[in-house]
Amino acid sequence: MSVLHLVNTSPFETVALIRCLERAGEGDAVLLLENGVYGALSGCGFSAKVAAAAGSLDIVVLEPDLEARGLDRARLLQSLRLVGYSGFVELAVRHPLSLSWT
Amino acid sequence: MSVLHLVNTSPFETVALIRCLERAGEGDAVLLLENGVYGALSGCGFSAKVAAAAGSLDIVVLEPDLEARGLDRARLLQSLRLVGYSGFVELAVRHPLSLSWT
Amino acid sequence: MPKRFVFVVRQPPYSGARNAEMLDQILAAAAFDLAVDVLFLDDGVWHLQSGQSPQNAGLRRFAPMLQTLELYDVREIAVEAESLEERALAAEKLILPVRCLARIDIPDWIAGHEIAVSCG
Amino acid sequence: MPKRFVFVVRQPPYSGARNAEMLDQILAAAAFDLAVDVLFLDDGVWHLQSGQSPQNAGLRRFAPMLQTLELYDVREIAVEAESLEERALAAEKLILPVRCLARIDIPDWIAGHEIAVSCG
Amino acid sequence: MKFVIQINASPREAQAANTGYQFIKAALANGHDILLVFFYYDGVCNAQVPAFAGEDDLSAHWCALARAHALDFVLCVSAAQRRGLASCEGADDRRLAPGFRIGGLGQWVDACLKADRILAFGV
Amino acid sequence: MKFVIQINASPREAQAANTGYQFIKAALANGHDILLVFFYYDGVCNAQVPAFAGEDDLSAHWCALARAHALDFVLCVSAAQRRGLASCEGADDRRLAPGFRIGGLGQWVDACLKADRILAFGV
């Protein structure tokens, strides 16, 4: 059973994103939402780890939360994809399990 | 005016303790309380930074919170001192300002 | 086949009523005669530290309540070995007998359940 | 001499009513004709990011409310230069004119107040 | 698909409850079923009606959603009792926004067994 | 010394309110004055009486402390209104544990100006 991991805290402040990536299995998805969307930024301390993880994981960013925070798409890591709430629902359909990382 | 800094989150999970140490001035005190008491442990990833900061800062640990969590004194960094709630009050008297780091 | 639950605990103890509520949810699932596992990760392993004495902080002892996990039909209490190591905790000194899982085995172990719940 | 207040903001925006309540407290002090400064540190600087559009997330715009800090008699709105750099933010593109302080100067700057309040 | 949603955070302190609300709206719009929305921990505070309608009145949105889709919004009784939203006897619906009711963890487990997917918002 | 204490967290979700309570007891025991205890953000939930007395009923401890030392416990009105602890008209003391009253940020600022020390528990 694959897992949809939800990360909703800022990687500048907590290690939730990194701890999540360490426990996600191949084929799992990681959705960055709420303050978790800062984890999609390139050029930051955590960015290399996120980019490396995107090889075996589907790392997805919730676009409304990105817009809310005024983050320009040009600043994001290239290997991530954006979804809206419908795409979030699709992810939940695709992955039987879900876990939250706060 | 010197500052009493209160750190109440776990350094295993947040960077609050490290961010606090970076902004504390000479003569300030840093009180580790609640889940912040884990920051008093030796031999962990953050321990060297805490030990180094203890040179110019008064780093103090709230003993009731240490006991609550079952942390053995033998596991703590040597340069820190322990206080109870009365000692916490004394710290607040000694330092005119206080800031919380969560 | 009944659904297998896993509850994942990542936060340390002493956060108000949260601890009791977390345990209530786990025991509710166990009361349905389901296969219920609990996984302690990261700061969640601090729940299992022996020698906790919260009375001087004006807090209630939660460890004895957590130990009831053994009495109820909770199938497996697991901890991640690396989470223990990072905190210099020894599995044999914890307040409950646990199964120790290596970090690399966690994804497959979680995948063996039908329902996963993050609970603190 | 009237007391000088400093409010320190370390958390990012969009945490329910917290943002509005933080601002209410700052403006209450300013309404007393006191010298009130606000310091944005760490993720707090995200409050000042331009181009925030929270409507599609079902959230209210908070930036316009924060911009009222300029209208009220808030003395200084300060940010830490390193907090901006770590997030690749430029001081001149923020939603408010700010004074930029180097990390090394923060302790002395804070020490120049009589009351400090962490507010998110 | 049949979803069970758990809401664990107060709308006053975090974005998580709002995210759960947006998710449920999208799931319904995509033809899915919501078997149960279970409010736990500080999530029970979503049933609290703020004294002034305003910036963060998610409870009004929850009410409208429950009505429009005949959803079942259940507050865990002991979590609600701890937070002054239910009396000792259990149900005290006067304090709850319309559309919410008091229930128990048993209902949550029961719904989980019937559901295809379980999602929680806020930890 | 004269202290003003601000309590920002619910006793249901964090240890911070309990720490503030322990601090105030120790300050009083050491001969200090507590000019005001101001409850803000989710801290206003400290005035909520849980339906069952039990493990985390800090409100009973607050009440006893207020009575024993004639302390002034003020809830910020707008924070209390948002959390269903005060009506639109302002005070609605029926919902509050004895010893707590509704007030405003002005009282907090005023007390700060008279105090030697300001401490906050929970952010």
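For clarity, chains are labelled A, B, C, D, E and F in written order, and residue numbers in each chain start from 1.
The working rule: a contact is a pair of C-beta atoms (placed from the backbone, for glycine too) under 8 Å apart; a residue touches a chain by one contact, two chains touch by 3 or more.
Only a predicted model underlies this, so the values are computations on that prediction, with no experimental measurement involved.
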| item | value |
| --- | --- |
| Minimum number of chain-to-chain contact steps, chain C to chain D | 2 |
| Farthest-lying chain, centroid of Cα atoms versus that of chain F | A |
| Inter-chain centre distance, chain B versus chain C - centres from mean C-alpha coordinates, in Å | 28 |
| Approximate Å spacing (C-alpha centroids) for the pair chain A, chain C | 26 |
| Chain centre separation in whole Å, for chain E relative to chain D (CA means) | 33 |
| Per-residue overlap in chain A, given as positions that touch at least 2 other chains | 12-13, 34-35, 64-65, 84, 96, 98, 100-102 |
| For chain E, residues that touch 2 or more chains besides their own | 10, 12-15, 19, 22, 41, 56, 82, 118, 120, 123 |
| Residue numbers of chain D (touch at least two other chains) | 10-11, 14, 17-18, 42, 57-59, 115-116, 118 |
| Chain contact topology (line, ring, star, complete or other) | other |
| Pairs of chains found to touch, sorted by chain label | A-B, A-C, A-D, A-E, B-C, B-D, B-F, C-E, C-F, D-E, D-F, E-F |
| Residue ranges of chain B touching chain F (in the complex, touch as defined) | 8, 33-35, 64-65, 84-86, 88-90, 92-93, 96, 98, 100-102 |
| Residues of chain D defined as touching chain F within the complex | 2-3, 5, 10-11, 17-18, 21, 24-25, 28-29, 31-32, 34, 115-120 |
| Residues on chain F engaged by chain C in the complex (per definition of touch) | 10-15, 17-19, 21-22, 55-56, 61 |
| Chain F residues touching chain B - in the complex, by the definition given at the top | 1, 3, 14-16, 19, 22-23, 25-27, 29-30, 32, 116-123 |
| Of all residues in chain A, those that touch chain D in their complex | 10, 12-13, 34-35, 38, 41, 43-45, 63-65, 67-72, 75, 84 |
